[in-house]
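Both complexes below contain chain A, partnered by chain B and then by chain C.
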Partner chain A sequence: MATHLDTALDPLVQAAAAAAPAKPEKHTVMMPIGVPGYTLRTEAREVPVSEPPVLAVNSELEFIGKPTERWDAHYKVSGQAKYTADIQLPGMLYGRFLNASVPHAKVLSVDVSAAEKYPGVKSVLVIERVLGNAELRDPKLETPSRYPIVRYAGQPIAAVAATSAHIADEAVKLIMVTYEEMPFVTDQLSARKTDSPQVYPGAADQAGSAGGGGGPHGVPQTGNVHGPSINKKGGDIEQGFKDADVIVEGRYVTQVQTHSALETHGVVADWKPGMLTVWASTQGTGSVREEFAQYFKLPKTQVRVITEYMGGGFGAKFGAGNPGVVAAQLSQKAGAPVRLMLDRKEEHLSVGNRPDADQIIRIGAKKDGTLTAIQLESFGTAGCGTGAGCAGPATNMYKYAALHTAENDVFTNGGPAAAFRAPGHPQGAFALEQAIDELAIKLAIEPLDLRDRIDENSVRRVERQVVRESALWKSRNPVAGADSGPVKRGVGMAQSVWYRFISMNSSAEVLVHRDGSLEVRSAVQDLGTGIKTVLAQILAEEYGVPPAKIAVRIGDTNYPVGPDSGGSVTTASLTPAVRDAAWQAKKKFLAEIAPAYGTTADDLQIVKGEVRSKSGKMQPVSFQRAAGKMKVDSVSAQARRIPDYDRSKYETYGGVSVVEVNVDTETGRILIPRVLAVHDCGRPMNPTQVISQINGGTIQGISYTLYEQRHLDPNTGLMVNPNLEQYKIAGSRDIPELQVHLVESYIGQSSTDASGIGEAAGIVAVGAAIGNAFFNATGYRMRRMPMVPSEVLAALGKVPQGGLKA
Partner chain B sequence: MADSGQFTGDGESSATTSVSEGTAKSNISRRGFLRGAGITAASTALIDGVQLLHREAAAETIKGNAHVRELGPGPVPVTLNVNGTEHVVQIEPRTTLADALRTHLGMTGTKVVCDHGACSGCTVTLDKVPVNSCMTLAIEVGSRRIGTIEGIAQNGQLHPLQVAFVKHDAMQCGFCTPGMVMSCSALLERNPKPTLADVKKAVSGNLCRCATYPKVFAATLEAAGVAPEKSIS
Partner chain C sequence: MNKFIFSDCTSVDAALSQMTGEAVVKAGGVDVLDRMKNGVIEPAKLVNITNIPSLRGIHETETGVRLGALVTLAELGDHPLLQSQYTVLADAAGHAATPQIRNAATLGGNLMQKVHCWYYRSADFACLRKGHDMCFAYDGLNQYHAIFDTNVCPSVAPSSTAVALSALNASVELTSAKGKRLVPVREFYIKPDDKHPTMETVIAPDELLTAVLIPKPAAGTRSAYQKYGEKSSYDWAIADAGVVLEMQGDVCRKAAIVLGAASPTPRLAVDAAALLVGKPITEETARAAGLAAMQGATPLSMNGYKVQLFPVAIYRTILLAAGKMDRDPSAAG
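Up next, the complex of A and B:
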């Protein structure tokens, strides 16, 4: 498993598991296992007796697994959904950062006097601690100063809060900063050289976030190179290569991608005596509360975090962060609420990105395809942070006799990286899956057949079968570069892998009210992935009430703790707790109304929205009418996530992506007419939303592969495209005909047996699939991203690497 | 990065254009204005063309040239006709239409994403023509009727286009959704039977980072009563 994710998530899991009640009473149940239509069967599982009955496969259910309208869709299409950027409170001030204009410097002085006197300015702050950057293991290596060292252009230095956004903009321009500039380095290759300027004067480490990211701690550091972090599995790697009949080797280079969520990072902080209330654009209300409480030494009871809607995160939005901490301080000083939303430039510079990667992968195999050795050495820059490791796919996709990976972070004077949709995996798969394709060609084994031999995952086996039978795959000419014209067509495939992470911080409360209305509450936030809808579906299934009629109250730490939404944990973690709570509340409800019908709770059940007596003591009545018999206004039950039923039956998740390309070998343009994405995520709770995410991951992957690149000017250290006109993301005319095939699979691990799709959805495999399609089209291997025309023509040998020089 | 594929140079430019390009009623844009007037705290709005001036604002000082009036830098009253209702707001001349709607009228359905006219998240209509409200000064709107996302549903009933967006799940985080709906509803106003290519062109300026584009296409075609084109199998 990917080491960087283990370190990020496991302590949480273990700490929560340690606190769980010991040894609940268990019984044996039979659960559906496998893929309907292919491998479906039942298997025994030992589960706590307090668990609800086994949930049938989707085809036998009324609401779960059925295409369901997004619960909050009408608020989103009508402009009524209120995001953090939309919050306006009486007397609210507008916060603004002053950011470093140089990439590496000591700050000698910060003069805020003019800003403080500026009419309309209510508070000014000079930042004394910057969050997100790596920190020196030995802080004494730098002279103490009240001003943090500037490690990247765009690092926040000071901030103001004013009565209007215009005034705040003007006031920060009045702040005078004097720098003692230091040598800097912005590109990874230069930073690896022994004579490069040093981003840190000694070894430094960066903490991760709930979304993963961060790098290994305590590894060696030489100059800017933080690593290697070494992982060995199986036998001796040299012996593995000696045993190989065929060896493939390649160097793969990918670029820095920024998250570019449409809603920027930001908060509204309202600091009042006894209560700090924060509206945050976040993937983790719990993580935000945690960081605020820690930073300001407040009890958690005095921090409330609200996220009713948020405009995208993709891994970068956890914790209070610099905007949160600074807004709270400005609010405290001014005695008024402060909204601090980053602008688009700041969003590119200072709150995360996907690290680049420079990988050399080497794979040895026997003639029959058996992998004898996988060796990977990677370098990547997470700016002034860490977390550029990308060995996950090489480590976890296939079986091999020996594995040796060495991951290195390279410090540069750029903004710190953050977890980004399947951290490390799009980069890693770009190399691994092209190398496997190359191997298949050398061995003269069809690419799907080769993977059938080396991939033990039973669901991906089904997915490859779906691909094999698809019209798109059948249209593939196995001979590479067969087209005679200048525009060459190719089809390629690649696979993705992701993991089953569970956050035990997953609780919910379900309430049944006397008027028959139903409510579910959890602090969890909906990133646009649709967890609100899924929670409504779970209650709908238990009570026979349509999902649209369920009240879903989430995104508020006043409710039972919810998981932070990183690593695709949300659905897998929270849905079993919600179903358990719904089941327990139902039992309480039936006990509550049974006396009114002269019977007991055991005799009653809810079927298709009716309360029915098993013994016939009463005529069926509607759920709503029965609720009227309650003696109290509402009954409720709260439940928490219990551990997976049987971790020994663990399997990874993933999918297979197939891409058709048209490569114009004269202009270097790549067009993608068609994509087929075949994916699994356990039980799909709402196929409509799962498909939306797979569309999204696939297109985001195309965007990454063909267009996106953060450009830092090596001469100034400034980003030259910190906007959405020159930082190009996929738009409507870049969208292929995209078909998603969802593979339903059951693993018997929880009361819902569901999992998330965010990471595995497309983005991991698409880059490599485009690379393999490019080879199929042209007979040349495309080992660099983004695949802009200059790189394409270079790969075709028509221009030098890096394009023509003037 | 110039090799994007979005710019095709085919006749009609992106349906969402700034006022300066999209209509003949004004010849200033936010960019042009800022370039001409300079970005200072005390910047004043130099407006060429009296027809743009609000009635009350016309009482401001007239200096020399009868065709040049000076507004600001302080707030001036401006009447905005939003979704058929007139609102008088006191705004500085540099206030964008997006800011006037969001901050001064509390109509936050219109989103500001890039603030550069590059993403169409802030799309509203002026006399049914889609514009980027982040690139449009509120004072240059004049008497033109502003349409916003809040005005698409009528009497609490979603517009058929919105119904189709819901049905097709043409949204994820939802932050681009108001702009998408505005661009697509303007398309259907001027072209009730669009092709897939027409829809793609209409939203070619609308960026969606969740990449919900395929469902936006399907929803808009369905709302137009046009069957979505075949998908691969």
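Up next, the complex of A and C:
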């Protein structure tokens, strides 16, 4: 996804609009709009006549919007769920990469002869094209070679497939690589210097993926600095600062975070003549098929991608990627299926990360809080990729007279970044929301009140009201650093912003069978966010059958195409198509059985699991009995996403996070007893799962803010903590009491009116909220992450920054 | 992981007879298998000692307590006698690692585990401590490294129980085919020196650590251990302290303070302990002792903050031992 919501339409919608069929017939309907209990009203929308009736608010529904048990929970907890690593095919081989042991080098030779001879090895491959890295605009700047240049330690160089995982491990060790090492740079600050070693000899750009990532193309490049990418809005920025009564300015530094999903990247590829079947741990069955088809020049009919269960993805799992392409090649060569799952080290090194950021933000405001100017200059490294921009929050959260942002990507010899849960936004909000907090203090305006003046978003206004009325916020002492002992308590808040992205590439089929069973099919994958459950709820609502009884078949490109899960699009994009298909299948079903009851489809309806005649031509019968009257085995309808009803009514979405901290000013530890997260996501389809998303995002945000960091050794360029022990990630004792308050918000955009949550959830705001709580506790600003004891003690002025000699 | 012979032994004699050549002892396996999986060691043979019954058990004796080498950290942490009279040890074991690891990890293995320096733990770095030429931590990433005895290998003592046992002045029993010998824990660990940078303990290749003996504490003894990390869940210590106080009424008669994550071997802070003797334990005396323990510290480029942190860990643990402060919520585990 794009990291900014600009005035331009997002590309997915534009593309779909261009391809859309002739204008459908429309009629006016009244839809619920706003937040129940606060702003609920009805508004008119022009919608195609083919759309199902307007869905009532959640309180009036039976299944949608009700806390619903995860559809596949019992499969997961009982171990019946089969993930990619569980796929076992007859004759399957085990693949393993050999990865670069140096951060920057020309590869002079790769000798695989010993590996090929090793008993049990069935195919060996030397990689000739690496995916994911940025590519030179002018490839002639480098001498052509059979072997790609190594830009980071961990870049795959060769691979083997063998009859056991152990043999594959042993065999890769026998591959001999000779390198001509080149000077390298791993940290962003050094890479910005004019005399730094260069990662690329000229300008280079990285292609984005379905999940975003990739930076702007065509921007200037000086040395390793790819940028600036400049965005100006409103009036003149200098004038904005001249008009200001107060100015706040700060430098905020955040670190590289790796995705660390429980399930690593990996595939099982089975290359057979006429059909390549791939089981993949992916966020996009569609985008994986697309890349395989393109890479191998196969028609799409000859590529099938299956993702029945998935162990997590935060933006780095789109496309075939190096593991996919290599597994397929090994399979083709060996004539047998190949499983290639990355290990944890490879996962940290080579398949994406959240770029770091070094930002200077400057905000000017009038005495009443009106923002006259926001200026942001950012540098960030996406390793040998791009996409480190973080101006999204500064650009889109508040109203201002003038905005000037300059984002720079800095190439370093590290693994390329990939989209990571709200790309750029946790970094951007860390700076913006602390700067706004600082401004509030300077202006002596309460932080919630200041935001009421500068934030035009109608839903966040409600969310701030919820915060204002909360026990946690009421317990906040507005005087910073008021506690006497070494441990100081503070409460802080910050806001999150995310956007409404829709993937028009969303469709589904609904089938009604003669035995009364119901089925929904879509190629969409369930990352663990719970789309399976939501699809079941939609059919349940239309047919009055409990969700657990609906057969949900997804994660297979043999079904109608589903959206790739990036940009928090899945529920917002797919559910209207599913409801439309369910509605159309219902109409077909009623037409199919009407003659048996001596009536017409128009006279029939399904209410509470019964087929009833509006005119009383028949006694109500159960849906299942009525289905028995069908003359064919099944009727079905397929529907695709239609455009949102009224894009002129778009608002951003997001939330407000409130954090309580106890700062131990002697040990530098920050403990977080409680977090309150108030969030909106349009119509919450399944509150249980929405709350899970917000819990997860908040925990991931806390983990990022306080603990996580990729450490690259400056002298060798190697990562020294490529595991989950020294790469520190929140554990059970680090999790606070989490309170989630869902704000139901109707926006009148589709037949389900669902929106997204995954990215807005927690992670965008929680870092800044911790920073603001830290200030409230201590009177000091914490402008760096991760907030480990050495950094905290430095922020408190007790040790020099960086833990240098005391 | 390499291929290896797995030699499962059910008696000490059998194990000793297997400990030849490239053999490596495996107890709980937490540490040894981790190093094998990371390719740091590739032993030809593992001698499994977990099925030797005589190495189990916590026994109270006339002179104190005898702990078999296979007693798990969980057993140590949960034992009522240890909790009440050898609190420092129960604390150290009960707050190490995670519940799952504590169930598998043994006392002998914990004492014998290798350093946790991230360069040491990676097969990518051939460092001094692994028998090669250089230390990568000096000019590299040393935020978790030592602030004392930093001249050869500034890694830090990894074992929490070693800190406690050193404070309790316990001894380890080492058994070989030739017989048994007792070595005080305070003399068991070797400070890395230029000549033998790979030597970590005085144990000989043909010896097995079979037991730990702790002398009976004098009346009025109170003790505690606390570990501070960057997280609360299973983090390694960035600072820790084991404290044993012999109290007579309000006055401290004898004291031992031991630091773990400060130097390559558990560090007895003798001067700091001396400051407590003959005085009542107050926040003031405890803080003074904490500061005194940092005399002579030589922090590296990135770990100066530890010089701030240790005095806090020490004063709070002294107060905890003396019953004047609760267990610190800022401590990990």
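One rule holds in what follows: the second predicted complex is superposed on the first by the 792 of 806 C-alpha atoms of A that agree within 3 Å, B and C clash if a C-alpha of one lies under 4 Å from a C-alpha of the other, contacts with A are read in each partner's own complex, and residues count from 1 in each chain.
To be clear about the criterion, a contact is a pair of C-beta atoms (placed from the backbone, for glycine too) under 8 Å apart; a residue touches a chain by one contact, two chains touch by 3 or more.
Everything numeric here is computed off the predicted structure, so don't read it as measured data.
In the superposition on chain A, contact is made by A:Q88 with chain B only, not with chain C.
Once the two complexes are overlaid on the shared chain, A:R344 sits against chain B while remaining clear of chain C.
A simple residue count on chain A separates chain B from chain C, and the partner touching more is B.
When the two complexes are overlaid on their common chain A, residue A:A730 makes contact with chain B and with chain C alike.
Once the two complexes are overlaid on the shared chain, A:L262 sits against chain B while remaining clear of chain C. Contact with both chain B and chain C is seen for A:N721 once the two complexes are overlaid on the shared chain.
Of the two partner chains placed around the shared chain by superposition, neither chain B nor chain C is touched by A:N224. Within the superposed three-chain model, A:R669 lies in touch with chain B and with chain C [touch as defined at top].
By the touch criterion defined above, A:V788 lies against chain B and chain C together after alignment on the C-alpha atoms of chain A. In the superposed pair of complexes, A:K798 makes contact with chain C only, with no contact to chain B. Shared interface residues of chain A (contacting chain B in one complex, chain C in the other): 166, 170, 668-669, 671, 706-707, 711, 721, 725-726, 728, 730-734, 788-789. Contact residues of chain A toward chain B in the complex are 69-70, 72-83, 85-86, 88, 165-166, 170, 259-263, 309-312, 314, 343-344, 470-472, 527-530, 668-669, 671, 674, 676, 688-689, 691-693, 695-700, 703, 706-707, 709, 711, 721, 723-735, 737-739, 788-789. Of all residues in chain C, only 1-3, 98, 118-119, 121-122, 124-125, 136, 139-141, 143, 228, 230-235, 238-239, 299-305, 307-309, 312-313, 329-330, 332-333 touch chain A in the complex they form. Within the complex, the chain B residues that touch chain A are 1, 3-6, 8, 41, 92, 94, 99, 102-103, 106-116, 118-119, 121, 148-150, 152-153, 158, 162, 165-167, 169-178, 181, 199-201, 203-217, 231-233.
Looking at the complex, you find that chain A touches chain C at residues 101, 166, 169-170, 487, 662, 664, 666-669, 671, 706-707, 711, 713-716, 718, 720-722, 725-726, 728, 730-734, 786, 788-790, 793-794, 798-800, 802-806.
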